[in-house]
Amino acid sequence: MRIGKALQLAVTLLAAAFLLVPTIQSVLAGVTVNYFQGIRSGLTLEWIAVVWELYASSIFLSLGIALACLCVTLVIGVPAAYALARSPGRLSRAVEEFISLPLAIPGLALALALLQLYGSYKGFRMSPAFILVGHVLYTLPFMVRSVQSVLAAIDLRTLEEGAATLGAGPVRRFFDVVVPNALPGILAGALTVVTLSIGEFNLTWMLHTPFLKTLPVGLADSYASMRLEIASAYTLIFFVMIVPLLLAMQWASARAQRMSQ
Amino acid sequence: MTLTLRNIAKTYPGGTRALLPTDLDIAEGEIVSLLGPSGCGKTTLLRIIAGLETADAGAEIRFKDDDITHQPVERRKVGMVFQSYALFPNMSVRGNIGYGLKMQGLPRAQIDARVDEVIALCRLEPYAGRAITALSGGQRQRVALARAFAPRPRLLLLDEPLSALDAALRGQLRDELAALLRQFGITAIFVTHDQDEAMAIADRVAVMSQGRVAQIGTPEALYRAPQTAFVARFVGNSMPLGGRIEGSQLHLPGGTLALTAPSDGKAAFVRAEDVRLAEHGPLTARVTAVTFLGTHYRIALSGATEDTLFCLHQGQSAPKPGETVRLAIAPQSILILSPEKAAA
Amino acid sequence: MSTRQFVALCLVPLAIFALTFLALPLVRLVLASGEGEAGWGIYWQILHTPRYLTTLVQTVLVSVSVTIAALAVSTTAGLFLTRNRFRGRAVLLSILTLPLAFPGVVVGFMIILLGGRQGLFNAIFPGHGVFAYSIFGLFLGYLYFSIPRVLLTVMAAAEKIDPALEEAARTLGAPSHRVLRDVLIPALAPALVAAGAIAFATAMGAFGTAFTLATNIDVLPMVIYTEFTLSANIAMAAALSVLLGIVTWGMLFLARSFSGSTIAAGG
Amino acid sequence: EDAVCYNCPPEWADWASMLKALDEQAGITMPHDNKNSGQALSQMIAEKASPVADVAYYGVTTGIQAIKEGVVQPYKPAGFDEIPDGLKDPEGNWFAVHYGTLGMFVNVDALAGAPVPQCWADLAKPEYKAMVGYLDPASAFVGYAGAVAVNQAFGGDLTNFGPAIKYFNDLAANSPLVPKQTSYARVVSGEIPILFDYDFNAYRAKYNEGGNYEFVLPCEGTIRVPYVMSLVANAPHPETAKKALDFILSDEGQAIWTNAYLKPARPVELPADVAGRFLPDSDYERAVAVDYAAMAAAQAAFGERYLSEVK
Amino acid sequence: MTLTLRNIAKTYPGGTRALLPTDLDIAEGEIVSLLGPSGCGKTTLLRIIAGLETADAGAEIRFKDDDITHQPVERRKVGMVFQSYALFPNMSVRGNIGYGLKMQGLPRAQIDARVDEVIALCRLEPYAGRAITALSGGQRQRVALARAFAPRPRLLLLDEPLSALDAALRGQLRDELAALLRQFGITAIFVTHDQDEAMAIADRVAVMSQGRVAQIGTPEALYRAPQTAFVARFVGNSMPLGGRIEGSQLHLPGGTLALTAPSDGKAAFVRAEDVRLAEHGPLTARVTAVTFLGTHYRIALSGATEDTLFCLHQGQSAPKPGETVRLAIAPQSILILSPEKAAA
């Protein structure tokens, strides 16, 4: 019993170290003058400044796309989740399965598909909307499922019937009862969408044009061709953006999950 | 009649015949309870009245002179209290109570005044500003009632509003609810599968069984003169005696009982409280179990009838399991019902 | 407007989007795979080109081993974390789940920092610590992003296990390892299948990690990329994509029908 | 004015300075772009119907293929005539902008005590295990150029790649790294101690980065190759693109190359201080030119062979 | 004594004192029920006996001559039936029932024989091969019992095993369970918060309140001679009469009642069934509500005591709300308890 527990703890700590150590290394490398020589060479913000100069636009682009992606997934996903929750059945399962395809089909393949069909519409191809479409494809299922699971937990039908007997028509019910009560799910979904969109690489790598490098594309770029310190500094910036989002996301999904129990 | 139901039937898509064609009339200010075992169609009937479910073709629902058969829910002006209450968790107590009034498009000031009034009536003042999640079960139940009351519905429908509560609270709220409904003279239909609850609240009880109304009447009428074996069993906890009736005599394994009148071809029932221990009673039985229940002992007896017969015995002591006792049942306490009805 | 109409209306935006940007492009992709010189024979060609086949097998092998490893590590850690409350547990949990949204490229970089020439291991064991660019490095990279996903699913399931089940087994005389074998693992099985399927699917489709590690170990997504960038062999890239999609989707579908839908966020 | 160049990576051939000069002196904004030659070409093929790029930069053989694929259009910028024959398409579909000589770019500090290798053959020695890198010969032009170089060094020619295949297979035992993109930074940081790369990249590291870097012209011999640019057919911004190409071939443009240790395509004199930093001419004698058209013709077949035969 | 508990107390890590030092002795073959309101520590005590929770230092648990205070659960040989049943969903009915025997390392054939025997006893034959998920609540309850029985535990612990069932099934299974326990002569501790259940099943009932055993005794003893106001209220549904006691007289708002003995400084309680309508009774009260409950009417009365007083009235009719009635309460049916105990 004791030994078993110690072993479990060891595995847990080892796994945590495996995940944590390189992130610490990368944070350190990002502020070290010369990583090859180690911390002794001194600390500096120079690399961060370099990254800012080279990649600031990609950071803003990513933020912009993430927000746009959030808006689109809200507009498409929330009503859809409601409709799916309202009419459970084989057909709804099929629709869900279909919109979840982007989780199963590798991003590269999806991007290739989009390029094949829409690559020749230049105005579209060269605009951020093209990348946005990819991100929405990939994040939409998360929004839908997040909202759906909360809706499934709140006995939506009865709440709506309650509102109906009080004189509320379908549209009023949607805004007075459905949306407010789905908020925890919407919030959890929103954070997931933003986080995933900021980190999306597989699709974006194929969809982007040189003018439209998103943050992870820039990261890949810097890993391939910049010195370690710059790559690390860029990774550091990425962490600074993504970690608070991740923490918020975990908090929000824990809350949504508590609600749906 | 305020509410007139004609030919209401319901077949669910799967083919379940939840409700066979049913007629029902309810007078202004009357409280009618739908009582029946699980699955007998109570909720279905209530939901059809509310407009939450559509009845099979041929149905007619009239409210005074309006035919509301095809009106959508939100225009029927019926209030409904759900088993789960269905309170809006995103609104405060006030918000919930005022929602129906808001939907009617009343001005803010008028809504506030009416909400205050209803809150006072339901003794909800201390909770008015609270979130729904910060209320206990009993408080929620009162809010649900207040919300349904507030828009002054023509008819109030309640679907097992107490069944989510624990026994103690249930008894208390049942009495409060009955008092409130009477105080406002509200016309109401109250669904329950608890016999005590139906009797405590309703002017008339409609006992339902397998999609039909088996009998409708005042609590006393149902208890004293059940018309079917089902009603006798469900409302009065009557036990079938079995045996064989010859003229005015009922022959049982443990002896022969006298009946008030010749009843050949009928079936006999009795209630546990009408079975008495009597030193010279006509029935012989063996005690199989004795349970002390505070006010009385419940004694399980075998040998008197084909099944186990129960006897509620008041007194300071009771026979022990294994003893043989003699029993008496007064002829007028034996219910005689048609066996074909007994099959229901 | 009736309720039914409104509900239908709610699906309209989704329908438009999914048709335009998912259904049609996928159809186009499938068609594109048949537009090469080989026509539809391209699929036959894939099955008869050893290079593609070995890559497919290799991809599946790596993904399977990652799945198994991630399940083992995350189940151990997940059970430990659900069943013990101690100081620092929340921090540990955050560490274990934070990499959830790290893109594959970042994960690749993390592996370089660990096992590259400049990495931690090479600093500790000079000359013997370079593994980032081997198949082991790739495996570690996939493991890195699979651990959080599997952990979350396992923990969610573990928290739902009625503690009375374990207690019941113990009152019946079962020692700890039997409780694990007879009660906990069976109760976790659906979650393990679901989490395993997700880990597998993610590993199958992962591109960023392999791309960053830039090893000469080919996995299917890398080959697709190479086909696309090697004289734009679009038909072959499309055909391989279709193949990869079908294999992974099939796995996920099987797992889902076995275990009900469970999903952890991931990039 | 905006224009898009495919494959203008800031850490290669000092495109960073070139892009900056384009912005400052010609007012043309071109984002940097990390592709390789093969990727640039295939992207152009994929986007043929509706190109994204205006100009492209790649190894000479890729330029020759680009004509066949019909993704470029002729343009003769000012100074075109001064480019020696053979280093330009007579129609102007492609033209060299600079040369490079292939060799070994070595981070001496990262060799962990091993001597600086002098020959291609040295690299198969166990002491260089996991230290050698070369770009994917099936995709990147540098990679292909490296393959042609070792092939010739070991007695092959453009119709017989057997020696190259054998060489790469021998090298495979030493677990080489095979990135697909420009990896200058990885050599600088020590991740890849020895990379098949051009002299200009190595000299830039040697003289501009703080560290101990060497360029080696292998003892068995090597090749020199021109890098070329093209105007993309149906370029979205043809006028800006032409201005950019004009600038790159102008004196100012060519001077930027020379300062970056590149031998310019036009006969521009190397500044003395720069010239002094190159390896002696005697070493450069081992570097020969090849028939670029034939090299282009053989590229696809070699790529296939490499992919299927080198494990 | 089979089981001897001494000085069992439990303070949870948060600081909740769930159990104050408690002693309890249980004889061989005896069935003891732990009865008390939610949170009084019943489950805690049961889990300490099972070994699922450790008691505070100083506790002693002896089983006949074994000191098992520090023995781990899996070696205590106690059977346990959980409220949620905790059946293993991955095993069939047989698998569940045989699990304890398998853990004892019995040979396959012996396990099979014993499982068959237990299945027969619990009338589970038709379900033996089924999956747990394919069973109804009542069937699951029987499997849980069979599983706990099978390894012949020295002691069977049951934590509200019936509370997840609906009322009808509960009554039926309660009787079955009582019969089974007696049939096997099993020593058992049965936790419940339902007074009827406790009385129906147990030889002795330990009434718990706020971490203590308030009183332990046979059902009749508890009902007839409660020692604290808490027990009087919880077990007998007694109502506090309030008022003022002077010598042998109890002065109430509605009149004065005679007591059997001078009881100055004490408090008086009565049960609803002991309050009688009597034309010349000493108390006057106003009827506020009447509920027909089949065997009797429940009448709510105001004015007699400070609170509402209830009266259970048997008869063919009852007074109407608003009427004034007179009441009598026999002196011997008035419970006299110490007020300091009444504070418990």
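Letters A, B, C, D and E mark the chains as written, and numbering starts fresh at 1 in each.
Everything that follows uses one rule, which is that contacts are C-beta pairs under 8 Å (C-beta built on N, C-alpha and C of every residue); 3 or more make two chains touch, one makes a residue touch a chain.
Being a predicted model, the structure only gives us computed values, none of them experimental.
A.B. asks: How short can a chain-to-chain path be from chain A to chain B, counted in steps between touching chains?
C.D. replies: 1
A.B. asks: Please identify each chain that touches chain A as well as chain D.
C.D. replies: The shared contacts of chain A and chain D, listed by label, come to C.
A.B. asks: Treat touching chains as neighbours: how many steps, at the fewest, connect chain C to chain D?
C.D. replies: Contact-graph shortest path, chain C to chain D, evaluates to 1.
A.B. asks: Weigh C-E against A-C on C-beta contact pairs and write down the one with more.
C.D. replies: Higher C-beta contact count between the two pairs: A-C.
A.B. asks: Could you pull out the chain whose C-alpha mean position is farthest off from that of chain B?
C.D. replies: Centroid comparison gives D as the farthest chain from chain B.
A.B. asks: CA centre of chain D versus CA centre of chain E: separation in Å?
C.D. replies: So the centre of chain D lies 89 Å away from the centre of chain E.
A.B. asks: Indicate the whole-number Å distance between the mean C-alpha point of chain A and the mean C-alpha point of chain E.
C.D. replies: That pair's centroid distance is 54 Å.
A.B. asks: Using mean CA coordinates as chain centres, what's the gap between chain B and chain E in Å?
C.D. replies: Their C-alpha centroids are separated by 28 Å.
A.B. asks: Could you pull out the residues of chain B that touch at least 2 other chains?
C.D. replies: 72, in rising order.
A.B. asks: Residues of chain D touching 2+ other chains?
C.D. replies: Correct list: 46, 179, 181, 183, 189-191.
A.B. asks: Where in chain A do residues touch two or more other chains at once?
C.D. replies: 35-36, 169, 224, 228, 231
A.B. asks: Which chains are in touch, pair by pair?
C.D. replies: After working through each pair, the chains in contact turn out to be A-B, A-C, A-D, B-E, C-D, C-E.
A.B. asks: Inside the complex, what are the residues of chain D that reach chain A?
C.D. replies: 2, 4-6, 9-12, 31-34, 46-47, 49-50, 52-53, 109, 179, 181-185, 188-191, 210-211, 236
A.B. asks: Which residues, counting only chain B, touch chain A once they are in their complex?
C.D. replies: 50-52, 72-80, 82, 84, 86-91, 99-100, 103-104, 147-148, 151, 157
A.B. asks: Using the touch rule from the top, collect the residues of chain E that touch chain B in their complex.
C.D. replies: Contacts found on chain E: 175, 178-179, 195-196, 199-200, 219-220, 223, 235-237, 271, 273, 289, 291-295, 300, 312.
A.B. asks: Residues of chain C touching chain A in their complex?
C.D. replies: Against chain A, chain C makes touches at 1-3, 5-11, 13-14, 17-18, 21-26, 28-29, 32, 73-74, 76-77, 79-81, 84, 92, 94-106, 108-114, 118, 120, 140, 143-144, 147-148, 156, 176-177, 201, 204-208, 211-212, 214, 221, 224-225, 228, 234, 237-238, 241-242, 244-245, 248-249, 252-253, 261, 263, 265-267.
A.B. asks: Of all residues in chain C, which touch chain D in the complex?
C.D. replies: Of all residues in chain C, those touching chain D are 49-51, 112, 116-118, 126-127, 130, 133-134, 211, 214-216, 226, 228-232, 234.
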